[in-house]
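Once you've had a glance at the structure underneath, I'll fire off some questions.
The letters A, B, C and D name the chains in turn, as written, and every chain counts its residues from 1.
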Amino acid sequence: MAGNTFGERFKITTYGESHGASVGVIVDGVTPGVEIDEAYIQKQMDRRKPGQSSVTSPRKEYDIVHIESGVFEGKTTGTPLFIILHNHDMRPEAYGSIQHAFRPGHADFTYLQKYGIRDHRGSGRASGRETAARVAGGAIARKLLERRGVDVIAYSQEIGGIRCDTFDETAIEQNAVRACDPVAAKDMIRKIEHLASIGDSCGGIVECRVRGVMPGLGEPVFDKLDAELAKAMLSIGAIKGIEFGAGFEAAAMLGSEHNDGMNSSGFLSNHAGGIVGGISNGQDIVFRVSVKPTSSISVPQQTINVDGEEQEIQTIGRHDPCICPRIVPVVEAMACLVVEDMYKRQAAMLG
Amino acid sequence: MAGNTFGERFKITTYGESHGASVGVIVDGVTPGVEIDEAYIQKQMDRRKPGQSSVTSPRKEYDIVHIESGVFEGKTTGTPLFIILHNHDMRPEAYGSIQHAFRPGHADFTYLQKYGIRDHRGSGRASGRETAARVAGGAIARKLLERRGVDVIAYSQEIGGIRCDTFDETAIEQNAVRACDPVAAKDMIRKIEHLASIGDSCGGIVECRVRGVMPGLGEPVFDKLDAELAKAMLSIGAIKGIEFGAGFEAAAMLGSEHNDGMNSSGFLSNHAGGIVGGISNGQDIVFRVSVKPTSSISVPQQTINVDGEEQEIQTIGRHDPCICPRIVPVVEAMACLVVEDMYKRQAAMLG
Amino acid sequence: MAGNTFGERFKITTYGESHGASVGVIVDGVTPGVEIDEAYIQKQMDRRKPGQSSVTSPRKEYDIVHIESGVFEGKTTGTPLFIILHNHDMRPEAYGSIQHAFRPGHADFTYLQKYGIRDHRGSGRASGRETAARVAGGAIARKLLERRGVDVIAYSQEIGGIRCDTFDETAIEQNAVRACDPVAAKDMIRKIEHLASIGDSCGGIVECRVRGVMPGLGEPVFDKLDAELAKAMLSIGAIKGIEFGAGFEAAAMLGSEHNDGMNSSGFLSNHAGGIVGGISNGQDIVFRVSVKPTSSISVPQQTINVDGEEQEIQTIGRHDPCICPRIVPVVEAMACLVVEDMYKRQAAMLG
Amino acid sequence: MAGNTFGERFKITTYGESHGASVGVIVDGVTPGVEIDEAYIQKQMDRRKPGQSSVTSPRKEYDIVHIESGVFEGKTTGTPLFIILHNHDMRPEAYGSIQHAFRPGHADFTYLQKYGIRDHRGSGRASGRETAARVAGGAIARKLLERRGVDVIAYSQEIGGIRCDTFDETAIEQNAVRACDPVAAKDMIRKIEHLASIGDSCGGIVECRVRGVMPGLGEPVFDKLDAELAKAMLSIGAIKGIEFGAGFEAAAMLGSEHNDGMNSSGFLSNHAGGIVGGISNGQDIVFRVSVKPTSSISVPQQTINVDGEEQEIQTIGRHDPCICPRIVPVVEAMACLVVEDMYKRQAAMLG
């Protein structure tokens, strides 16, 4: 594994497992002289933490942000920031029963195949716990983007088959599922609570909008803006697909429908999702990701153990029946990291 | 732009515009001592070239493969291969009329915003011509994967709203649209011919399967196998989305439905698309990409010119009314590049 | 600054300033299943720490090693190791007087020019304190190299103009200056003690030998083994030059003298320093680095302050009058990092 | 081998062997809108080519520059430049006799060890021929640096033990050895001609000065400006050492002598060679490299063949008895590449 660094000129490197002493992130390439404090980062951490509501895991990850380097007298110095999050609520014993069996949907089998060794306390490095470090690093990128007038929001657009019919931005942080439609949100919550009661789980679709991006960002040929965003999103464990603008619907459109015409006021539509030829065109960047249903369920499932013997398994623990509400800040964090990095790459080219 | 290199240990670097003297690729990190010849690469180039059938552009890109380095007495030496494809059928004059206007769906506007300068002969570096170099480089990766017993195939699964109902592998290279259903293929061809006759275009969905991959490939956290494949695919100009396994349908499934159980014979389903936690599990890797309708159409469209003046535009030229048949070998090439690189990264970790 | 990561397949990323809460290192790309413990790393840290003898700074850096991730039940898991070293003896007040003036030989001026902001408590990120994280990361590389039969040693060959006349390997860790000649060592110690008494400092030459390396390591053209070692060494603050084998003396030799002939038993000489064409030839890799005299001296020097006003400055503090003895383990650590990474790159090429 | 790319934001990727059809370079990350033509690059190529004088190889490498992409109407477009140099004077038969024996000082043995296969026509990829691509790529960097007011010169300071006593910049390009002292130059030429007559060779020391660099360039900790320059220089085949400013002499200086004091007019000396803490301080960047004597000599030497049998070898061919005059433009090219890249990295950090 040498895949724990993300970005080229604005970079994060993370470490940490579900049951280790801490998770953390080194943020490199930070613009110097920018005011930053722990409270700003903490705000994002709190949006990701479990135990926020009835629809999230009751597990406690205090996730108190500590900046250990790179900030002097309240400002970034240009040297790497290190942010550490000490783990507190590690209960390895809760996982004892699944020590030798491969949990369906989890990376237990693939990690063992890859490394020949596995930290069987929870999911080790494959745990969603790892995303805490992303959100901390992403908060630094978000701060830098604020100064550029760039704003990144994500929200649940569909959960358990229930779709949002309206887009009410003010509603997003007011409901437990971070849906953009407060009416649909109620149905989603009911659905999730029901699934939790029967030990099952569901997925959903999260949409993200990046607003205020200058035209001209993205590095063709291989490092297109949408290519980098796609990598960033698919690097999040539960995400199984991404589409930009019209996305998969574009496959059934005519060229004359899909092309975004222009008049002197700008573009007439945004089927491209704000990116053409891998470069931002100044419209909102819009993409959606598919979030799979949480793998940890207490419904009995068929599996094998490390000796190849068949057995039934139930994943008992403190899990989210739907990860969408908590994946929203992770999606935002990754989008912030990509966009800030792209601004810096553009500056390098012209500089 | 410093985004013309792809891969970490198996790398390609490409150059070339639609109307330059040549396009080419330097392939670095090649295993030494492997037999390779130009004919092997040429076969892949011929699958990508225009003018193959009634549904592709009549433009002539001869694309004759020349290996200029890295091979000695028929075997790779471990030093970089350089493959050059000389351009022959460059007709810049055909593009004169669109010199000052932004073609909808094209990167004319975004390139000008990014670079402040634009090669207005065709699409310059944003042209699909660029993918010729990818296919040449991908052929080397394909050769190395053959020795590992890995096989990569892609095919049109949907074109212009018409879906394949069956999967007949032998049919794929026998029909002009590279569809996996010979009956649907006929409808697709009719649809494309009709659209061509009225100057419009359509898109589709291409599916790719990577078979024979060992379990354990992929570098979590950020360089997951699916993340790298997503980047690779979204780096292809016309592709607007990707999904693995159940993909966007996973969003509406229950955990108990989506999880792939196991018995002593292996996995009971493949909703994950062969990748769990970013690591291959030994099943087929399966993903689908959304291909947008070709932007170049002769239907009149509304746009502006470089001075911001509104005007109508028709893109006259020799364009593919649907790019799916020719994007199939490009999808395969990029998948080959990712998978071979991942084998090498795995070897590095263990080595 | 986005230069805090070193290596390609075996990577370290470090953070930390002289007066921050901690310094640390994330080690990525670690071979899984290798036994490692904190004591093994601690041993290397103790060789680098100040206060070892009369010739090193009396400053106390306890540098107690804590592994916070990547090891499970005493073995590496393949996921990133994080090693943290908490700072204890931070006395910023001791630096108050030099807050506004540029210390000659220090990076005060250049950091301010680069970042427009400066952490004036000690040397911030430019402090030698940063090398503690290198030694911790290098210890992991050393462990992996041990399994390959590779051994890395460095030693002072010259200090303050006094040269070693003999090479006695057993003497190195037995004298306070880590010289390879126990007689010369005594003179060196006397010289350093004298310089310390008058507030001045001296430099020296450190030689490093890497033994047991297989032939074939190194990635020409740009990533030659000697090129990577040169980068690694010049990245250490106090080092101002490097030479391999005959090095600068080669400039005055004839080809017939310098070329290393071969007979059936192997090479007849080692003027090349074990690397030809950027690739190891199986002989010992031998290089020497020039270490400048410590910049912090209490002899009065002429400088300016941040307002451009001329002033005299004396650097009062707890500094090493000669850094050679403590740079030895840093040189070894960096050499270990390069060589292990090169083994992994070779494995990738062939794998 | 995946080491054929150099640079981060301004990058070159090269290919080509001594006896292939061509050598070439893809230059990525080029600032758009810059006027460039082939004649500008050709001028640098001509300084490197063989056959310039009595002291260089009579081999003919015409090295006519062809730009095949990335320039439109005389200006860079921001897309990659590809520069090709067709080989003309390939005489593999001249090398027949050394097909099976390892030439001392050459990479014959190490390449075979690394790759298990060897292109025995000349030195293959290990040939100095490869540096032609560097000079072509470096010319683009030089052009960009000109616009910044940065100027890079190198020259022979010592050849065959004969040192320059004066520094006469105007003399450099006026004598066949590119020495900075016209009197010493005559002795050097005589020495080289004598060695050529007896089939032997010599080395020398080349010094390089980078003038007009802004203070603040360089990316600590690992990507220090001197570290990157050291890697760049040691990546040139014949170079065996590098030192900055006082370099190896610093080892015998006192801190009070070596530290560069400041007054209100600037620095009082330049023992640091213009770089402190890995960051430029605005003074001239000054470094020297040690160039080994050319390995190809016709003096009989002892070696073995691929079967391990001892034999005598004479390298007959058209070789430079001293490579210093022709390495000067290569040193400059590599320095240009590093410095331009560092400007772009600085722009990224601040941008």
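Side notes on the structure shown:
Note that in this section a contact is a pair of C-beta atoms (placed from the backbone, for glycine too) under 8 Å apart; a residue touches a chain by one contact, two chains touch by 3 or more.
The model shown is predicted, which means the values in this text are computed figures rather than measured ones.
Farthest from subunit C, judged by the mean position of CA atoms in each chain, is B.
By number of C-beta pairs in contact, A-B leads when A-D and A-B are compared. Work out the mean CA point of subunit A and of subunit C, and you get 38 Å between them.
Computed centre separation for the pair subunit A/subunit D is 46 angstrom, with centres defined by C-alpha atoms. Between the CA-based centres of subunit A and subunit B the separation comes to 27 Å, rounded to the whole angstrom.
Contacts with at least two other chains are made by residues 1-5, 8-9, 14, 29, 32, 78-79, 114-115, 125, 220, 345-346, 348-349 of subunit B.
Partner subunit A is touched in their complex by these residues of subunit C: 1-5, 8-11, 13-17, 20-24, 26, 28-30, 32-33, 66, 68-70, 72, 75-82, 84, 114-119, 121, 124-125. Here subunit C touches subunit B in the complex through residues 8-9, 29, 31-32, 78-79, 220, 343-351, going by the rule given at the top.
Chain contact summary for the complex, subunit D toward subunit C: residues 1-6, 14, 102, 104-107, 109-111, 113-115, 123, 125-126, 130, 158, 160-161, 195, 200-205, 215-224, 226-235, 237, 240-248, 250-264, 268, 272-273, 275-282, 290-297, 299, 301-304, 308-310, 345-346, 348-349.
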